[in-house]
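Multiple structures are listed underneath, in structure tokens.
Each of the two complexes below includes chain A, the first together with chain B, the second together with chain C.
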Partner chain A sequence: MNVIVYLGAGLMLLFGVYAVMEHSILRAAIGLALSSASLSVLLYVLGAHLAALFELSVCSGLVTVIFIAGISLSHSPKMEIQKEYRDKERNRLLPLVLIGVGLLLVILALTLNLQTPELAQLTQDDDVRDVLWGNRQADIWGQIALILCGGVAVAVLFREERREKK
Partner chain B sequence: MTILSICAHGFIYGPILVVLIYNLFNHEFARKHFFWFAGTGAVWQILAAIGGFTALNQNGQTSYAFGAFWDIRLAGAAFFELNATRFLLLLIVGLVALISVLVAHQTVDFNRSSYTNLLMILVLGMNGMLLVTDLFSLYVFLEVTGLCCFIMIAMFRSRADLEGSFKYLILSELSGIFILTAIAFLMMKTGSLRYADLAGLGQRISAGSGQLEDLLVYAALILLISGFAIKTGVVPFHSWLPDAYQSADTAVSILLSGAVNKVAGVYGLMIVMQLFGDVAPVGPSLAAVGIISIIIGALLAVRQPQYKRVVAYSSVSQMGYILLALSTGTTLGLVAALAHILSHTAFKSTLFTNAAALQEQTGTLELKDLGGLENQMPVTAFTSIIAFLSTAGIPPTAGFWSKILIILALWQAGSPVLAGVALVAGILSSAYLIRLQRTVFFGQTRPELAKVREVRGSVLTAEVLLTVITLGLGLLYPYILLLLHAGGIL
Partner chain C sequence: MNLVIVLLIIGLLMIVAGCWCLMRTFHLLKMTIGIEVAMKAVTLFLVLAGRISGKIALSETFVITVMVAEVIVAVVGTGTAVGLFRKYGSMDVRNLKQLKG
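Up next, the complex of A and B:
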């Protein structure tokens, strides 16, 4: 079990760093999807099955589709980050910083022994329907607002695209 | 179904209904008439806040709990709660939205539909933050407001817009990570994130054993304060604020300054104080951040070359006053903080509306290109002076009374030194505002500005409305002080 947890966390971090460092936006989006898929495995192994399902379908699936659709609509022919930004010296140190932060978080988690009985109890006992419609009703409104906001954001980008083509 | 129930549910359903109805119309019609849709949403928010508060008082209740989907008699269905503080902040959200719509009517052109949709979703996000009774739900709605603001700043797609929105996005996400990590720590510690369950936690920590578990909660507190401080834009978390305010359209800057940093930032810190105010480091931390912000914000404002940047740094400074009031942890401190939030909303929105007027009429906000507009733009000059007097805390404006309340709260809480510093720091506010007024409105009129005329239409209406509020509140405050005295708070 522990091996899968650490492997999942490591892959998530690795793909995350790849997504940040990659010059091609398309490959970066794929890196993000893989990072998200690793998180799904992690969530599943830790017992949060519903969260794993949402993460895999929404974050790893839907969001990637939206990103790739957005990139394909972009007028940039190579879909690559501009050279002036690519050659920045500080970028070379960024993976080390990110990996360092990741390791620090792992050490913190191990030191503080973060898994608690209350959390484990919650995931085992509560019915998904009760959690979603009973305990977290307010969050559903937040989700509705986020979806509306995402929709408007996409609409803004699409309209801009049409305007620029004219 | 009572008036209170209609008003309470209206805060959730109102903005969503406006978005849904607005998008039923064809694009050109919606773009042309955006003012009426967005304006209706904003006016509804104001009426619901006033009507709901009146109904709550008439019922003799101090709070009202409700669920959005079904009756709260069902177990676990009361996810939202209203009280006097929340009503005031909801009113501020409505007022700022209305002013933003009035300004947008003249400043926003091809993106009107997106502006209307985003404004209503932003209002929903802020309403959600103010209504929820659970820390995680607060985070969800915080993300809604953050995402809306990011898109609204970037909406006009200039290089400056994108740079400002990128800075906002990075720091906003950093704030989100801090808050989410803190929430996870608190969840591990307590197993619940409801305010009611967390309320007693501070006392337990104060008398704690100093073991690692306590360290976890202390870490959560530091992360929560830092996360909400970033959203507030106080020093040293202020780097995003001037760029975002400057690059965004003025209608968006008004929203950011008037409502978003108060609801997403200050209100979050209010919740931290409410839940953990009895833990020793929380109050002094807020006081330290507050006093540094007041001084550094004012000093930085003096040196800025652009109108909106001066006003932005002034916001950093004024947010410091609000944190200083909150840091006392007393009822008077909370009242003073709320009073200054209301005053700040009025005078800072006036200054931003003045910026919209100047931008519209002169085409620039660079201070070196402005000068001697007093005669050409008399109403803008007058409203700007009233806003300046209020910012500096000079009577008979709202800012004078709210700053007096802050100083009294600090004095009452046994912090005369902080009260003295807050008093003296008012001189710094005067310094940057006198420079601003002198450069823009007084002195010799620049030849290229000789043909400039006073702004008309909705921007002028917004300027006058805000000035009436600033002066009206200034005249009303003595009665509020009497009420506080009668209630034993003062």
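Up next, the complex of A and C:
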């Protein structure tokens, strides 16, 4: 189990950094999708099966589709993007920063002798559906409000476009 | 170092990468991708906390809520970026300063 967790976490970090560093937005979106897929493997191994399923279908699938739709609606050539934003030059130091911060955190963890808890054994006492619909109903209202906000935001953006056409 | 510390360090590095993207780029879509990268770490932390406390079902409900927020952030970020592109021909966030009203 530990090998898969380490592998999933490593791949998630790798693809996440690739998504940040890549100057092509399309490749960055694909990197983000691969990072989500790695995270979903990690969640499945850690025992969060429903969350893993949602991560794979929603974050790895839907969010990538949203980004690709956004990219296809804007037709700026790749070279112009590179010239305009200079992402390559700007993100050049990121690997060094990550290695530095990572080393610092490892040294801190080793020297401070932190008393970290171990992972608990998996139990099948609670069902996610019971917790979500029974104990966390406020979350559902929050989610409904969020979805409405998103719908209204998209509707407003499209209305602006129609006005411009007139 | 045990598994929990390794996952915590990897999550913190993801947050650093996401924050770096927010600070160092002006492309709105790229900034949204940076936010998404940082939110992956938040999802991992929530499941890790649930697994440590033995309340994995509760943590999964939080993860689902975070995912809904993540999708809405992606939708609104992309919609704003496309709107910005249609108005100024670029997704540079510095153009937002020119907006009036």
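In the analysis below, the second predicted complex is superposed on the first by the 113 of 166 C-alpha atoms of A that agree within 3 Å, B and C clash if a C-alpha of one lies under 4 Å from a C-alpha of the other, contacts with A are read in each partner's own complex, and residues count from 1 in each chain.
Just so we're on the same page, contacts are C-beta pairs under 8 Å (C-beta built on N, C-alpha and C of every residue); 3 or more make two chains touch, one makes a residue touch a chain.
Note that the structure is a prediction, hence the values are computed from the model and not measured.
Q: Considering only touches as defined above, state whether A:141 meets chain B (first), chain C (second), both or neither.
A: A:141: touches chain B, not chain C.
Q: Now for A:51: first (chain B), second (chain C), both, or neither, which partner does it touch?
A: Second partner only, chain C.
Q: Would you mind checking which one, chain B or chain C, touches more residues on chain A?
A: C
Q: Should A:97 be classified as contacting the first partner (chain B), the second (chain C), both, or neither?
A: A:97 sits against chain C, while chain B stays out of touch.
Q: Name the residues of chain A shared by its contacts with chain B and its contacts with chain C.
A: The overlap between the chain B and chain C interfaces on chain A comprises residues 114, 116, 118-119, 121-122, 135-136, 139, 142-143, 146, 149-150, 153, 160.
Q: Please name which positions on chain C make contact with chain A in the complex.
A: 1-10, 12-14, 16-18, 20-21, 24-27, 29-30, 32-34, 36-37, 40, 43-44, 47-48, 50-65, 67-72, 74-76, 78-83, 85-86, 89-92
Q: Residue numbers of chain B touching chain A in their complex, please.
A: 12, 16, 19, 67-69, 75-77, 79-80, 110-111, 114, 117-118, 121, 124-125, 128, 131-134, 136-137, 140-141, 143-144, 147-148, 151, 155, 157, 187-191, 212, 215-216
Q: Under the touch definition given earlier, write down the residues of chain A that touch chain B in their complex.
A: 111-116, 118-119, 121-122, 133-139, 141-146, 148-150, 152-153, 155-156, 159-160, 163
Q: If we count contacts the way the header does, which residues on chain A are in touch with chain C in the complex?
A: Listed in rising order, the residues are 2, 5-6, 9-10, 12-13, 16-17, 19-20, 25, 28-29, 32, 35-36, 39, 42-43, 46-48, 50-51, 54-55, 58-59, 62-63, 66-67, 69-71, 73-74, 76, 81, 84-85, 87, 90-91, 94, 97-98, 101-102, 105-106, 109-110, 114, 116-123, 125-128, 130-132, 135-136, 139, 142-143, 146-147, 149-150, 153-154, 157, 160-161, 164.
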